[in-house]
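Chain lettering (A, B and C) follows the sequence in which the chains are written, and residue indices restart at 1 in each chain.
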Amino acid sequence: MNKASAGHFFEDFSLGQVLSHATARTITEADNSIYIALTGSRYSLYCNHEFAEQLGYKKPPIDNILLFQIAFGKTVNDISLNAVANLGYAEVEFIEPVFVGDTITVVSEVIGLKENSNGKTGIVYVHSKAMNQQGYLVLSWKRWVMVNKRQEGMQNTFAVQPQLSSSVSFESLPTPQSLTLSGYDNRLSGESFRLNDYDKGEWIDHIDGLTIDDSEHTMATKLYQNNAKVHFNHHQMASSTHKQRLVYGGHIISICRSISHNGLANAQWVAAINAGSHLNPSFAGDTIYAATQVVKTADLGAGFGAMRLRTLGYKNNSWKALRPQFEKAVSEKSKLHDDFVLDIDYTVLIPV
Amino acid sequence: MNKASAGHFFEDFSLGQVLSHATARTITEADNSIYIALTGSRYSLYCNHEFAEQLGYKKPPIDNILLFQIAFGKTVNDISLNAVANLGYAEVEFIEPVFVGDTITVVSEVIGLKENSNGKTGIVYVHSKAMNQQGYLVLSWKRWVMVNKRQEGMQNTFAVQPQLSSSVSFESLPTPQSLTLSGYDNRLSGESFRLNDYDKGEWIDHIDGLTIDDSEHTMATKLYQNNAKVHFNHHQMASSTHKQRLVYGGHIISICRSISHNGLANAQWVAAINAGSHLNPSFAGDTIYAATQVVKTADLGAGFGAMRLRTLGYKNNSWKALRPQFEKAVSEKSKLHDDFVLDIDYTVLIPV
Amino acid sequence: MNKASAGHFFEDFSLGQVLSHATARTITEADNSIYIALTGSRYSLYCNHEFAEQLGYKKPPIDNILLFQIAFGKTVNDISLNAVANLGYAEVEFIEPVFVGDTITVVSEVIGLKENSNGKTGIVYVHSKAMNQQGYLVLSWKRWVMVNKRQEGMQNTFAVQPQLSSSVSFESLPTPQSLTLSGYDNRLSGESFRLNDYDKGEWIDHIDGLTIDDSEHTMATKLYQNNAKVHFNHHQMASSTHKQRLVYGGHIISICRSISHNGLANAQWVAAINAGSHLNPSFAGDTIYAATQVVKTADLGAGFGAMRLRTLGYKNNSWKALRPQFEKAVSEKSKLHDDFVLDIDYTVLIPV
């Protein structure tokens, strides 16, 4: 038998199964710098030592989205090596800050299973938890993914779909240890907008576009040690429907977060991702843009504000052209335009 | 009003205006390694700990050109987001060495303004200063840039053009703290040529060519958190005159400096850039070459030699073919060949 | 005379000549992270601090293949700048672990010279040694390379070909300082296979393919400060037989080692490369795959197992299609299929 693993198929998962993901990763200062080189991120908390000190940290924490990418990468070999599509995320909670030198270990539990009627695929729901080297839970998330079956045919197993919250409530929002926003100086961050400057329902067109190239998206995905085949193997993907490699969806999240610095520069801390889905694939050569709607705001006290945001990532188009189509689709409950690539609902902390 | 900024236009600048640039950046060891991966730089002072010790430092300082890129990057959001062209640099002085862990904050003052007669653009002259986290001035430079107007039309404002030195004189050249060249061992640096081996007027053909690719030049520019649109947005640039993204001019300076190691391996320290201009744009796929003329040399004492150099960067051509055209153009005071991309006049320290 | 060096030609080498390579390099944590981003390597010893501690180290050592790339890079300027082809490696021994902060200096001795009958080229054999900053030998290797002559014509010098071992015997295998495999926990590494699970003659199809892009392979080669022209200069290579830049052969070794994690995840330590050759060139756009045969296994005691492996790297093809052709070629002693790019024979340490 070949010792190399072809990855798990739908038949390999069972309800309640616990997968202890291997190849835990120690996060380095370099991961942060490479992340900046790959995404252009400019949030001050992650690249300015003195700014991080003013916010209560001895040194800059790791950007939560970078942490998510690395933790997510650990789960791919066991869960999504044979994934057809990453269907969605929910209840992503950033519980403790992570720093350079911390080692991240990830464990996942299968919390739902559902065969698809085509007999070829099924949906696997997992709850993944990332711990640091001291065993503290730093990140928790749920995702569901469409996985190929090893053999075609229906097993007619009992379908279990987990109950997923549509959001992490502001009340139960994890407030990161040590973080203080009371002395926040927005001259350092690049914008003056604080919690009370944002209105419910307000849209921000983040303006800037970022074009993705092959080396860049594959380097990002390799940095996260995410080994899903669809991102790396042009020889194989050339004969797929897409005729080329797919950009890792997580990279699109990172790019949208980076672009949204323009208009959200003080939203330093992503506290939770309430829901997220990849609406369409992206390819090398695509230019990614983003627009954000303010869904809800709240003053949490002690200088902390929380904002629930909905960021739409789209490609090769303008918000001016897409917004009317988006609003029509929402009111008609019809499908969004094919240029939309990401729809993500998340909660940030921002100074009051 | 959209909270994302479209950047400043010519009308937004006023003489004497001071811009405190946000998103100060702590420089990491990784920035240096990524810089090597992006440029192939081989100057020993920046990548050999023991060599740096022999030259008086506890650890390698940050390459001054990398420092310039990071400091320059800070100014883009406020000054050149809507730049049509970076017209030139002058009086770039590297005053103190910068090390891993230092945080760089940049402030610029508007020192000149001049409308162009087309009514569409104007020239903004700025004096930028980079300070470390202790407030010490580490780098000072002047540049002028052509910026779009928000609205077409002449304001007929008073034009102020600053007096710029054509060079930083050898007498007032900043000698970096701690640097000592008396025990310099050129077996470690790769070449035996010291100050007295170079003749005034001598040309060096640096021979090696380096081809630029999309991911590489955009990663460099993102590493510097330089967010000028022309380098990143293919979707928008596809409908520009150039039909594609432009390579950040600073990356061309870095590449030329890296290439010129072959023939100038002991010119470890760039002390000043007297003048610099980008003659033509570069694009992904271009192969960059460089040739350098020794303009002036001087023994500064204590083992320090200074050389004023003029490096010409050119693309997809040979020095053999371009040199006669260059000399003809100089004698006729006519335009240089379109394959020239960079003309930079700078001063280096080299052991005697 | 132009101060830039065109590199050494065959005529510049003499038997017994010692070349002290310049631009020694201090290895950083970032080099390791960039290496992961460029190759997708997932071996736990190099990216998991706690795992490295369990194996006897205070911190993760540098991946031996990365060490080899950096040390090899130092030799290029003096030996292979004008190389037509890297013909082979032998007796590559990884003697001591190297850590972040160590500075690597490399010295080579010419141990063989042989003119080719075409009068245009000759073969240079060198023995290279890499030392850390304390002077300890950390890596030793022999390689031979076909180098251009400055002037065409036969010199009819005495040909000296060194005696090269076909393998580093298990008995004389360097066992790295501090390494202990007795408490090895394979739940952390991703696979359960230990020494005794592998059979002599067994093949592993590593399944995963990795596509190479231009920025990525040139960044890897620049990170190693390897300045061989064929990898970087599209302008020049466009008029070569290949019509494009060649991927640095060492990068193919790194990619094959990274891919072979799937099936060899516990082969944490490469102790020696017995023989290696690049069978065909690779170019941007090629997808690299690998298959490995177990040549020999041995229990060295104290929990250490040794395996001699032969890894074949190939491109844009499947092992299913290539294996019959490979076996036919071996039995007929004929040339391997053109899709094979690497044939490397090496010895790893693996827990018993």
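Methods note: a residue touches a chain if its C-beta (ideal position, glycine included) is under 8 Å from a C-beta of that chain, and two chains touch if they have at least 3 such contacts.
The chain list, named the UniProt way, goes like this: A, B, C = MaoC family dehydratase.
Every value quoted in this text rests on a predicted model; they were computed, and no experiment measured them.
Between subunit B and subunit C, the superposing rotation on Cα atoms measures out at 120°, rounded to the nearest 5.
Two copies of one chain, subunit A and subunit B, touch each other, and the residues they use overlap weakly: the shared fraction of interface numbers falls below half.
Computed from the mean C-alpha positions, the centre of subunit A lies at a distance of 36 Å from the centre of subunit B. Shared contact sites, meaning residues of subunit C that touch two or more other chains, fall at 28-30, 33-34, 213-216, 219.
Every residue of subunit C that touches subunit B in the complex is listed here, in rising order: 2-6, 20, 22-26, 28-31, 33-34, 77, 101, 103, 133, 213-216, 218-223, 225, 227, 229, 232-236, 245.
For subunit A in complex with subunit B, the touching residues are 28-30, 32-34, 36-42, 44, 47-51, 60, 187-191, 193, 197-198, 202-211, 213-216, 219, 262-265, 285, 287, 315-317.
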